[in-house]
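Going by the order they are written in, the chains are A, B, C, D and E; count residues from 1 in each one.
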């Protein structure tokens, strides 16, 4: 569904992403892992259009989106969350989610101005859908709170709900489980599995290996901006270069124990 | 004539830079569009003027006196106007508004008590003579302005980039809570910055008032527009930028008035500003915010 | 005891308050004298309501409306600036309230309407006298002209100057402009220095003029190059600020502080006692205007705008500025009182 | 009684005009600030509207119903031209660069004497801006912003205000919204300019510079930008204050300033700090 | 062991909402104490209160026996209480080196300062590579290391760590816990908030469980880890 070829991003004096090729299968859960500073978030920024690539190209369903603006990609079905949470803090929780539906609300400015039926229908449906999503991420009780006042973990879940609100076909999640305890992480995994069942392709950056191994169909490993390995969770887990650069022997062993050799 | 015009431009540019130093400090470092800055400029000039008149102070007494007085005013003004807003994390715009109200009150108060007539330092307050070499004339006051500007730029640059205080000031500008966690006394450091920029403003007021012989409560207000242009062209908070932008503007204005048309002089500052921002949206030396997606 | 209320609109706050304050001083001095001498209309005192415009045309109009609509004054004195008058005039004129400008010298002021008068001589009456004197007495032929191009007063003063200069056959070497808030004129003056002119004319308010004059000397324009000023130069401030640098500057004036005559000497002394500083022409014009208005009320026999208007046309007054009457166009009738002053040692003296 | 009323209306007519016109200017400010832009160009747009309107009336004698929309159109064209380059700027850089527009236009008005009368300005503009018209436009403006503000457009605008990049990721077409806001705001400012020149009979080149720009900005800052009425209230307060304080004479500007200071210190988000709820 | 930090009846809140409702906790000298709890339980709030960034509405905080309730944050920092805040809070516009400098502002002399800096750079070699880069442009994990390094530059007596392993690669998580272990061995007292409860409880001498602003359970680390309720709620057990 999404293909990056020879994607490169150079910052002054630093190749953050270096000729990376990734192909994300439609309907799959694809993980990106790698040490801190490997270029994962940068890759996400390139995919969502927040940064222009230095070279290389991106296609979504065969359509070249290398130069498309962020909002155009959103329209094409790309949504994301942020590693450093970025809420519209002054808005209420439900308003945040409804903002995520921007591209899905079809009524015109004129309809809004004159409160035409199209507007009312749209808004009513949007609100229902937003409430549903909040229930889905367990924040229904806080729908009317100011979102900046939520705790860290709550804000993370709100971000996921906001990203889902646009009915994306490709959802990029940047460390969704950061700041969650194992139980919360497990619930999140359940939630993401449900998301995955809705025909949404997931591209996931995460350092919680149990979580990644559980969820992902395929994993790409980056190090110093380069792709160093790719494959099924098991292949990646056993790859010596990955163990050396990223996992460490202890984690690798633990993973092997937990998920069978 | 060209060389004389270049000297004229250099002098004018130095006054712009001198005015802009404290402005860029308070604006760029404390992240506040502090409109009271123009008032520090005026009050510095007036304190020096009063000193010169009432006990015949000479420039070497009147200048520091004016500067220190303006510095103190700045500390008090900042404390009254901005601590509360800072604590409430109220943001740039409410600071702008509060200083807007304050500056209206302050200028008007000053005008009520001092009147709005222009005044000047007593004749003979400084040696008014000019030196002349190969047809170029420059007065001693003008040389003093150029000299002071250069010295202050150097001092400030070192202070901000090379000293502990400078480091603390910059830290605080960025993230107050984190600065506190580093053991930085935020209130004191803010006061130090205010004092510094007030002093710079006051000193500029004395020297520029002396050069143009036009001291008036609203003199600071007239400088503000150019001041904005200079600190934006130079890049907010950047001392070198203020110097270069100030001199650049001064020289170009003079050349425009001298060789193109004096009608166009007024438009120079903002034309340069637009051109600069076209190529560098954060000014010559400004840095884009290090914010990552 | 009844009073007759007269309104005035002047700049009492903000950057240009110096002008309004001088005018206020002149008006109040005259008012005290008039009331002490028994007032008008057989013993009625005049009450003067002075409203502040802060130099802002909107506030000037608000003030005018308040004076006319609430205080019901039959006469408004002021406002201070020509710009303000262009906004205020149509309002008072519509209500048929007599409006007398004391300091509005721009072209077209009295053309606003039949109720708009002014006691200040327009520049077009004064400037030719000055320029002619410069030509006849000092043989000035080649001039550079300077003016502040961003305010109506300076601009219209310059227009008069240019017309007069062309008529007198001067050679105009260059025309240089500056902003009325500017303080640096070195570029223009350096250019002028290279043109070897006999004199420099300047139309602006006194603040920039002082700066121009000082910087001209600093840049080495010799004292033999005279400045010729418009109305704005006619202020004791000029000498205070520019000192000896202004020596030789010529300016035409309907009034002069050292003018001989008992009326004027008394005015200068009383003004100084009351306000703690020397009067300038704005004060003098205001002083006379208060008398002219009071007399017109007396002549009219009632505090009625229409009648006062009729009475003003018949004004025949001899005050500190000299004999005064209005033309049919409601401007001062003659410029005979105009004297040419020259600056010497920081003070104006009548040019003999 | 009728006469009393007549006098009363006469006394405050200009003030009431100014309140309405300033209300419109506040709305135009709201419009840009609502998408997170800080513009000091509104005074310049107002000036373009004022001069366009005055010139059309004085020189061509066009009827007012035609002059008014043309006066909104002229600044919109300018906004369209400068919109592209300025969109790349943000925060104070944007604000200060928009001052440039006002300053450059000021120099233009002063120098294009044959057209604009230079420093003498244009006088004798007939008074055609009826009160009801001003207030009708203001009402329409507020209601329209309110209605649109409570839709997805309002949410998108608030999102841009809080975090532009993320708003883009939510699918908000940033350039279009920014340019749209600038154009709409310039049109409102142009209307206000035309209305003011046709109620003042005189306009001059210095009225649309930095000072006016800051005044317009302060409407929104004092009032708040949570709802479209807030800046209008700010405009009303700031316009009426000098008149209310008239009895204080010399000290009136001092108190005017102090009142602003106190208001902001205690209500840093504006006198009307509420925000529009954007969920039904 | 005597208590370095002693908290009794602490209440903290934001405006009208109270987020921490009267907690008691005690951190012994040289000990590692762990605070766990669900999202929104009030852990960060507690940490901010201890650092002086939030003024307690009731209760008291004693450090080395002295009452420091309501003391300004910069004074608390100078007493040797250093925090690695949630969300890292590095000085984004400044370089990595400048950030470290700021951490070490209170170092008594330049020799001591240099020593601390060397130590920190040894612990985090990654930071040495990035010394002159603007901190805001570092990757998430790099920033976390910087925040930790910055706090260590203050040679803390009490280190408050708010989720130090968040966003770190597994190797680094190990590394962080190893460093915590080292620090503990070197005698630094640590109060640790962690979501990685398993690892945290392993290293902690004592642990508190915070739920909706109140402490519902406390005891030695292993004991808490074995508590079935804790296992279900925080350790991902069933």
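Simple rule for what comes next: contacts are C-beta pairs under 8 Å (C-beta built on N, C-alpha and C of every residue); 3 or more make two chains touch, one makes a residue touch a chain.
Heads up on the chains, UniProt names are A = Branched-chain amino acid ABC transporter ATP-binding protein; B = ABC transporter permease; D = Amino acid ABC transporter; E = Amino acid ABC transporter ATPase.
Nothing here was measured: the structure is a model prediction, and the numbers come from that model.
Engineer: For chain A and chain B, which third chains touch each of them?
Structural biologist: D, E
Engineer: What's the chain with its C-alpha centre farthest out from chain B?
Structural biologist: Most remote chain from chain B, centroid-wise, comes out as A.
Engineer: Report, in whole Å, the distance between the mean C-alpha point of chain B and the mean C-alpha point of chain D.
Structural biologist: 30
Engineer: Using mean CA coordinates as chain centres, what's the chain C-chain D distance in Å?
Structural biologist: 35
Engineer: Distance from the CA centroid of chain B to that of chain E, rounded to the nearest Å?
Structural biologist: 43
Engineer: Which integer distance in Å separates the CA centroid of chain A from that of chain D?
Structural biologist: Using C-alpha averages as centres, the distance is 42 Å.
Engineer: Taking each residue of chain E in turn, which ones touch at least two of the other chains?
Structural biologist: Residues 137 of chain E each touch two or more of the other chains.
Engineer: Hunt down the residues of chain A that sit against at least two other chains at once, touch-wise.
Structural biologist: In chain A, 41, 48, 50, 82, 84 touch at least two other chains.
Engineer: Which positions in chain B are in touch with at least two other chains?
Structural biologist: In chain B, the residues touching two or more other chains are 108, 112, 263, 266, 292-293.
Engineer: Which bits of chain E are touching chain A when the two form their complex?
Structural biologist: Residues of chain E touching chain A: 14, 17, 36, 38-41, 44, 86-87, 126, 137-142, 144-145, 163, 166-174, 195-198, 232-237.
Engineer: Given the complex with chain E, which residues does chain B contribute to the contact?
Structural biologist: Answer in residue numbers: 164, 167-168, 170-171, 174-175, 177-186, 287, 289-292.
Engineer: Hey, which residues of chain D end up touching chain B in the complex?
Structural biologist: 38, 85, 88-93, 96-97, 99-100, 103-104, 106-107, 110-111, 165, 210, 214, 217-218, 221-222, 250-261, 263-265, 268-269
Engineer: Across the complex, what residues on chain A touch chain E?
Structural biologist: That would be residues 11, 33-38, 41, 83-84, 149-154, 156, 175, 178-186, 207, 209, 246-248, 250-251 of chain A.
Engineer: List the residues on chain A that touch chain D in their complex, please.
Structural biologist: Residues 48-50, 69-71, 74-75, 79-80, 82, 86-92, 94-95, 98-103, 105, 107, 109, 112-115, 119, 122-124, 126-127, 130, 162, 166 of chain A touch chain D in their complex.
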